[in-house]
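Quick notes on the structure that follows.
Letters A, B, C and D mark the chains as written, and numbering starts fresh at 1 in each.
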Amino acid sequence: MCRWLAYTGSPILVHDLLYRPANSLVMQSLHSHLGAEPTNGDGFGLGWYTDQPRPGVFRSTEPAWNDRNLEELTAQIRSGCVLAHVRASTGSPVQQTNCHPFRRGRWLFAHNGLISGFHASKRDLVMAVDPSLFTEIEGTTDTEVLFHLALTFGLEDDPVAAMSRAVGLVEETGRSHGEPYPMQMTVAATDGESLYAFRYSSQGQSRSLFHSADVATMQAQYPDNPLLRELSEDTHLVVSEPLGGLHGAWQEVPESTCVVVRGGRQEQVPFVPSVLASSA
Amino acid sequence: MCRWLAYTGSPILVHDLLYRPANSLVMQSLHSHLGAEPTNGDGFGLGWYTDQPRPGVFRSTEPAWNDRNLEELTAQIRSGCVLAHVRASTGSPVQQTNCHPFRRGRWLFAHNGLISGFHASKRDLVMAVDPSLFTEIEGTTDTEVLFHLALTFGLEDDPVAAMSRAVGLVEETGRSHGEPYPMQMTVAATDGESLYAFRYSSQGQSRSLFHSADVATMQAQYPDNPLLRELSEDTHLVVSEPLGGLHGAWQEVPESTCVVVRGGRQEQVPFVPSVLASSA
Amino acid sequence: MCRWLAYTGSPILVHDLLYRPANSLVMQSLHSHLGAEPTNGDGFGLGWYTDQPRPGVFRSTEPAWNDRNLEELTAQIRSGCVLAHVRASTGSPVQQTNCHPFRRGRWLFAHNGLISGFHASKRDLVMAVDPSLFTEIEGTTDTEVLFHLALTFGLEDDPVAAMSRAVGLVEETGRSHGEPYPMQMTVAATDGESLYAFRYSSQGQSRSLFHSADVATMQAQYPDNPLLRELSEDTHLVVSEPLGGLHGAWQEVPESTCVVVRGGRQEQVPFVPSVLASSA
Amino acid sequence: MCRWLAYTGSPILVHDLLYRPANSLVMQSLHSHLGAEPTNGDGFGLGWYTDQPRPGVFRSTEPAWNDRNLEELTAQIRSGCVLAHVRASTGSPVQQTNCHPFRRGRWLFAHNGLISGFHASKRDLVMAVDPSLFTEIEGTTDTEVLFHLALTFGLEDDPVAAMSRAVGLVEETGRSHGEPYPMQMTVAATDGESLYAFRYSSQGQSRSLFHSADVATMQAQYPDNPLLRELSEDTHLVVSEPLGGLHGAWQEVPESTCVVVRGGRQEQVPFVPSVLASSA
């Protein structure tokens, strides 16, 4: 059910990010280690920020492991904020409009997991999306609906509160249709300046999620490691699974937590769905 | 804005239908003569009936004119009922789930035209689709929504009445959002036994639509024509534009008309949108 | 490095062949058990014979496990001779012209394995292809070159002798460029009437290959098995790996062997590369 | 038979180059004015130079007019040297490896036209490619073979002489197979520093080719034109057909001519095929 990677820090050649690590995201498209599915070959997507008003998004139905354009493109792009995703479909068609990350304005959104019982809940959830956002929905994934619910609840102003309300609605709606554990997620949302990484599931058994350890500390620990030496001190990565085996380099994100990376600093805040009436 | 072709009659090699005529549907994908757009290269779709419970559907985002699989497949298939479509997108993404024909059960549905002001009307129209059908919608075309409205209003039982109500709702909704002429369509709907071909638009300037002349008559008129000789007497074609230039072979379908082909016979009935409350 | 399946017998619904077994070929595209690579998602191909002069071929770069058109198409096709293949690329691009089976006239050809050191040998091998066949080569796989060498040496007249010469040339050429073990293969070649399945490698450690046991015997052994009951007595399957776990249903094809299925009967003949001067 | 565009000058947002002009290259993919074919929807390719060792290449089989990734990508890339191409196939399959531009090292190569009688000449021409370059050929276009012949004859050192010899060989070989007028071309070749644009055909009726007028002169002539104001004085464009209708902005490249743009300056040299023995 997908793997993703979020990077913030000094501009980095995106190819290094996606291809060089031992367990790179592209490797994970073929054989991930901690994913619900080993293979994530149902398309991929890459979002990246430059000096342009909006981030760029490149999405393809090709498996990431053999897409030449992805290799070519990433070999030419440097960016200080990147969100990449490889997909294992949970039922919806494989098409570009079902690939993550999704975008609105400067915001990008990617997800690993699913909304259980989405088939029964979908109509209610879609109707809870603000009418002005309704026609922005282009695909059929639960992720895209979750994103638009979060936008409806003010993701662009207060991401944690908005996601809290969105997930609360998803759980409430799911339970009303007989689904006891509707939400299963790790989610990345970013506007290019701040990164919000959520780990939560109704049953408390969420998909894997890790964040990088402090780079300065790691550089001190491993002074001869060439990859580490290239990273800037404000580098922060949040990933579905560790990109490599370096001891101490990755720390698990706890359940029911949101990792916030802003201005080179990282903090963690509790994440709890709130039970509020929808704004539909 | 698309071109389509519907065939009923004795089983025919589908390749002959799609490739042999001088102005074949595949030719029309590259350069149509009477379409709103000359080029219809935003994907294509083919539906055909065999002895299986459901018709087969083959849809692709490739332009029809260079898709080898379409050539290969059609060279191996014989069918007595075929609905094929080449697409020129009116804005929605090019993806398989946005290609026609759409299917439900034994029913296939294709469309040339658009719902003007769909962006403003979409939410209301989607909400009018029966909840049990809501999650069947996989794409983002106005056509697919129109199809599901028709299904909601009983297409499987009384196609003309159902389309009448669906179009009535589309027009009523469109006007409520300030759009004076919401509906522009030729539509083909079939269950493999009967074919219903509609030509209607709110402004009375509908996309082109023709039906074939009686084959026995044409065979008598042109006894040496090899293509004609191969056709069975119960052959009926309804097409966006004539497949060839044989004088008298094609007759225009009038505005506000539904052509019904059943049991080898063809009749025409008036088509008028009805103004009924939606069943949402 | 690929998995394939060849079927001869009474006409069968191709969907049953490719999707119903517990370890179906489509399952193997996602996770094979005995393949060099577990995932074979670099495209697929399907060849099948009907009453038309040539077999049909449907090839796609999509992974087989999520290609809807493959599901649709196979649900409508019955055939008495089918050759299907799922690909794991050994380096050449993922494109339709690199998918198997390859075709010439009534002949289809698929391969699991590779020509080691192909990069160094390619020019010599391509130059050994008969000039009249040279421009038929559309892709960049070693398989397609092997096929055209076999055609050059008379595959259409004496497949075993032709393959023997082709493989002999491959090994001779490979060794001349410093490659000790050039050939690694299981190959299926058929003209719709006879099926030739080869298992051979220079090092004697060939990719897995199995053939079905006699159906009448199996039906007697498992009288209650519904899948078996549907098969005709002249059913023969040759597969990269067993489609299911029924004890005794599958027998391994020995090394250096060609299985010949003709007129409902199966025999095995030794396969030995012959060292002959090329006909270039 | 294709349209292309080459740009050198100060870094420009590639999206402006490909989408903003009235008769942009993307418009030409749908409906060109001076091409042999109006529609060039059989794939496209984009090559661009940054500070990386090699230029990036993005190629797709999608028609350029509806490829979202092309829009997205170009909206994020600035480059001082760009070569883009939209394809109308002259027979070879539509696949990424048949899209232009082709690349080797820092060199990019694109072509409008064809080698007449390529089917008969192909084997001889391919054999004339230097063996060390032979396996670099990934597709089946005449263009790619022409490129590799030019590389064989020293394109990387003296492009005009190398093309002269390559075309000479093509004509000599073609005539030996009974083809009176083998070569039809406009070609762009660049290494990111210099641009070479050739216009030549055996029959002297070459595909259209234009170069931009001096920008400083045009800015003086049209001081209020916003697009012009944005261009740097060292801007040079060579295009299959004018991107817009501004009077005096485009000048036709004469037959049998090579336009050389280097260091912000442009000159024209005669182009004549030379008749030399091949180096095979």
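Note that a contact is a pair of C-beta atoms (placed from the backbone, for glycine too) under 8 Å apart; a residue touches a chain by one contact, two chains touch by 3 or more.
Owing to the predicted nature of the structure, the values given are computational and were not obtained by experimental measurement.
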{"item": "Shared interface partners, meaning chains that touch chain B and chain D", "value": "A, C"}
{"item": "CA centroid of chain B to CA centroid of chain C, Å", "value": "40"}
{"item": "Chain A, residues touching no fewer than two other chains", "value": "68, 93, 96"}
{"item": "Category of the chain touch graph - line, ring, star, complete, other", "value": "complete"}
{"item": "For the chain B and chain D complex, residues of the former touching the latter", "value": "30-31, 38-39, 41-42, 61-63, 66, 68, 89, 93-94"}
{"item": "In the complex with chain B, residue positions of chain A that touch it", "value": "92-93, 95-97, 119, 122-123, 126-127, 131, 134-135, 137-140"}
{"item": "Residues of chain A touching chain D in the complex", "value": "48, 50, 52, 54, 56-60, 68-69, 72-73, 75-77, 96"}
